[in-house]
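I've put the structures underneath this note.
Two complexes come next, and they have one chain in common, chain A, joined by chain B in the first and chain C in the second.
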Partner chain A sequence: MFGYLQPLKDELRLKDFQLYKSVYCGLCRHLGKDYGILSRMTLSYDCTVLAMLSMSLNHEKCSVTKGRCTCNPAKKCMFCDSDGESFALAGAVSVIMSYYKMKDTIQDSGFFKKTAAFFIKAVLHRNYKKAAKKYPKIDELVSDMMKHQLEAEKNDAGVDVAAEPTAKLISALCKEFSPNESQTRVLEVFGYFVGRWIYLIDAADDLEKDMKHKNFNPFSTKVQENISDTMTYCNEVLNMTASQLVLSYELLEIDQYKEILNNIIYAGIPSMQKKCLFDKYEKTKTTDYYEALTQKTL
Partner chain B sequence: MDEFYQVKELISSGQYEEAENLLMSLQLTEDQAQWNYLMAQVSMGKGWLEYATQYGEKAYQAEPENETYKQFYETVQKQRSGEKKKEDANNAAECCLGLCECCVCLTDCNNND
Partner chain C sequence: MNDPYKVLNVPYNATDEEIKQAYRKLAKKYHPDRYQNSPLAESASEKMKEINEAYDRIKAERKTGKHSNSNSYGNYYTSQSESTSSDIYREVRILINSERYDQAEALLDSILSIDRDANWYYYKSLLAYRKGWLEEAYNYASTACHIDPSNVEYQAFYNRVAEQRRGNYGGYRPSSADGCGCCDMLMCMLCSDCFCNGCCGT
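This part shows the complex of A and B:
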């Protein structure tokens, strides 16, 4: 469920894109420093957004240093660091969530995936322990979410109920870095709809796969004969979630990174919906077309 | 006295669970349109947008001439189709600035009665 919150690069100014990348690399470096080199593989776009939002709302000063990328020493990177808690918090969220995700994968996957997840989980175990000790609240929140998610899936929950655990989790996480009480209320609502959107786009993205493997999916009862009709319905659900998300986003007192965050909300979200719901199927259509064409010439 | 008076109070103070429980006990009301509309507001407040859509639709179908229900229905349809996201947001942000109940914006701002 990671990686859906992204900026739309094409519409971002170059300097903002570089700034975004420096936060991404900064988080990567921070993970390495706090939890060791292997924790870097938990790095995600979503946690980058989390760090950026937290830095912006808390008016943290950001300093950028140049250096070499650890994963690819030939590459030079800019690393952003802040004088506040944002990176530490986003890093802990990243490690803890990845650990639980692996735990979940072990429970309900095929043999190969299970084995892989088992090793990753073992590697992450020490990092997880460290993060959970530093942020017991986050550990508790994620573990609760997993429990509620399992329950919802067992009861074959509909869209609203199935999305609730993730929505509540992101809502609670956003509250953790709130700068003041009036923003807490806004962040609570904003986080709820961000979580809901992430969960639902992931579900819509996986719908075909889940139907094939007979796994739980909140949209499975809404499936229609025509895939594009089904996806239109998913798109409506996501659109409404996104417009609620925007309502609360407008009330956040965003200071730095405004251009990037605006881009993610107003351009990144719609383009990700288009990519996951429609473009994917368009592509299969064209291959069919070419297949048909070659058959015809034969 | 309006039988839904207390429900409305609870909704405007953000106590959605309580409002829902109370509404459930009033299920057999004559005014099904209003009941559905209030259920839509409660669902909206809880963030359960699919339920909100369904209840809102029922309220509008029961009383299509009611301006409040109609407006709610149309706003929801507009949001689902994905048009004019930003403009709506500006309006909503303006009318409840300082109240911070942004999740009930959509319902409260339309509810001028």
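This part shows the complex of A and C:
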């Protein structure tokens, strides 16, 4: 996953922020315990959210302990741990997805990136084997998603079709930790739109880069003369997805971490859209964009 | 059944007025209009039912044994306008509602392209919306409105979709000034409980 699901720190109370961090550090430690120290580099914000959501819906008891950060022993951290499956599941998702991402990078990147990805993949291989053995279903889901994604890209798919594999994957993952039947349906839809949102914001964020390198991007057929028009269009697509996401989120029976999760949905998502679609272009020169645009039309 | 006070998220010693307010807030949040045509319409209406029941129970309990079954919100979300005349579209509607999307799609696509009127585009749009293919939904809805601008049903659906795209119900609304745009106001109205807990709670 890509780290787009984040809380907006400015609007979070300090105690909630510390709680959020403790889940983040807890997941990191869990990864280290389950898969060894090197798997910790797969840690992401998205998997933290996944763990938090799962703990919340399943009413898992969470215990916070103090300790030292393993990566930086000078730093003291709070570590959250639960009595349920959430951390193990989120950890496995993190390891398996990172492994497949590296595999994908090896296939379609330049020499340096390819070499780097090759080493990371080699390092992750044992961890991946372990995670896939414990959660064969997740492994199957992710590998299916990669296959469908490749197919969609080959066919130059539009926005809806291109976003479908990621949306379906997150949907299936969310179903895995459903507490009961009525929530399964909600989680399925919620996951679908979360996946769709993540995929689309990543695509919009990479649009400039992809056009320059002539890579596939679902938005590339929608590019307009003016960069702000293009980004307004992308924002509209994301807004519609976010609206559906909000509708399904409100039907989830959230227990703990409500403030943090609300913050992510109602403040984190809008601010991430602002950051990725608008703020970026205020700072940088627009010439890059025009260059890419002329290259594309030639 | 769940504790009605928990359902409405109010303390046991809440006043009647507070309970009424909490109920109104939740009823607004889960109102079927918000979830119209959404794949979760049923879940929302279940939630609505739960809230209605909880409110009725508290009211009845507080009247000391005097049971009242009045349901102020109960009626106006079950009525759904059905304006299709053709059998095929009725069938499509049934298929969509029972989540047989592939069959609905096949049935719609079997209609010859010369017979594809505004209604056809409208149903294509509804189907795409249910499936989560929001771009397709938007495009079909706008075509339906374009062909038949006078139809109220198409227009209402299109307007809602357009509002979503503008960021009024989630996501980012670029034109709004920092922090106090219409979007935030609406969000605040819809989910005031979370914001109040988040920012002003003690």
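Throughout what follows, the second predicted complex is superposed on the first by the 283 of 298 C-alpha atoms of A that agree within 3 Å, B and C clash if a C-alpha of one lies under 4 Å from a C-alpha of the other, contacts with A are read in each partner's own complex, and residues count from 1 in each chain.
Quick note on the criterion: contacts are C-beta pairs under 8 Å (C-beta built on N, C-alpha and C of every residue); 3 or more make two chains touch, one makes a residue touch a chain.
What you see is a predicted model, and the numbers here were worked out from it, not measured in a lab.
In the three-chain model built by superposing on chain A, chain B clashes with chain C.
Once chain A of one complex is fitted onto chain A of the other, the partner contacts of A:Ser271 are limited to chain C, with no touch recorded for chain B. Within the superposed three-chain model, A:Asp156 lies out of touch with both chain B and chain C [touch as defined at top]. Within the superposed three-chain model, A:Asp229 lies out of touch with both chain B and chain C [touch as defined at top].
More residues of chain A lie in touch with C than with the remaining chain of the pair chain B and chain C.
Once the two complexes are overlaid on the shared chain, A:Lys258 sits against chain C while remaining clear of chain B. Looking at the shared chain after the overlay, A:Glu140 reaches neither chain B nor chain C.
Once chain A of one complex is fitted onto chain A of the other, the partner contacts of A:Asp279 are absent, as it touches neither chain B nor chain C. Steric collision with chain B, judged by C-alpha atoms after aligning on chain A, is confined to one stretch of chain C among 1-9, 37-45 or 55-63, namely 37-45.
Within chain A, the residues touching chain B in one complex and chain C in the other are 158-161, 164, 167, 182, 185-186, 189, 192-193, 196, 235-237, 239-244, 246-248, 250-251, 266, 270.
Taken together, the chain C residues at the contact with chain A in this complex read 29-30, 34-35, 38-40, 43-44, 46-47, 128, 132-136, 138, 161, 164-174, 183, 187, 191, 194-195, 197-199.
Listed in rising order, the residues of chain B touching chain A in the complex are 43, 47-51, 53, 76, 79-82, 85-86, 88-90, 92-93, 97, 100-103, 105-106. Taken together, the chain A residues at the contact with chain B in this complex read 158-161, 164, 167, 182, 185-186, 189, 192-193, 196, 235-237, 239-244, 246-251, 266, 270.
Contacts from chain A toward chain C in the complex involve residues 11-13, 16, 158-161, 164, 167, 182, 185-186, 189, 192-193, 196, 232, 235-248, 250-251, 258-259, 262-263, 265-266, 269-271, 273-274, 277-278.
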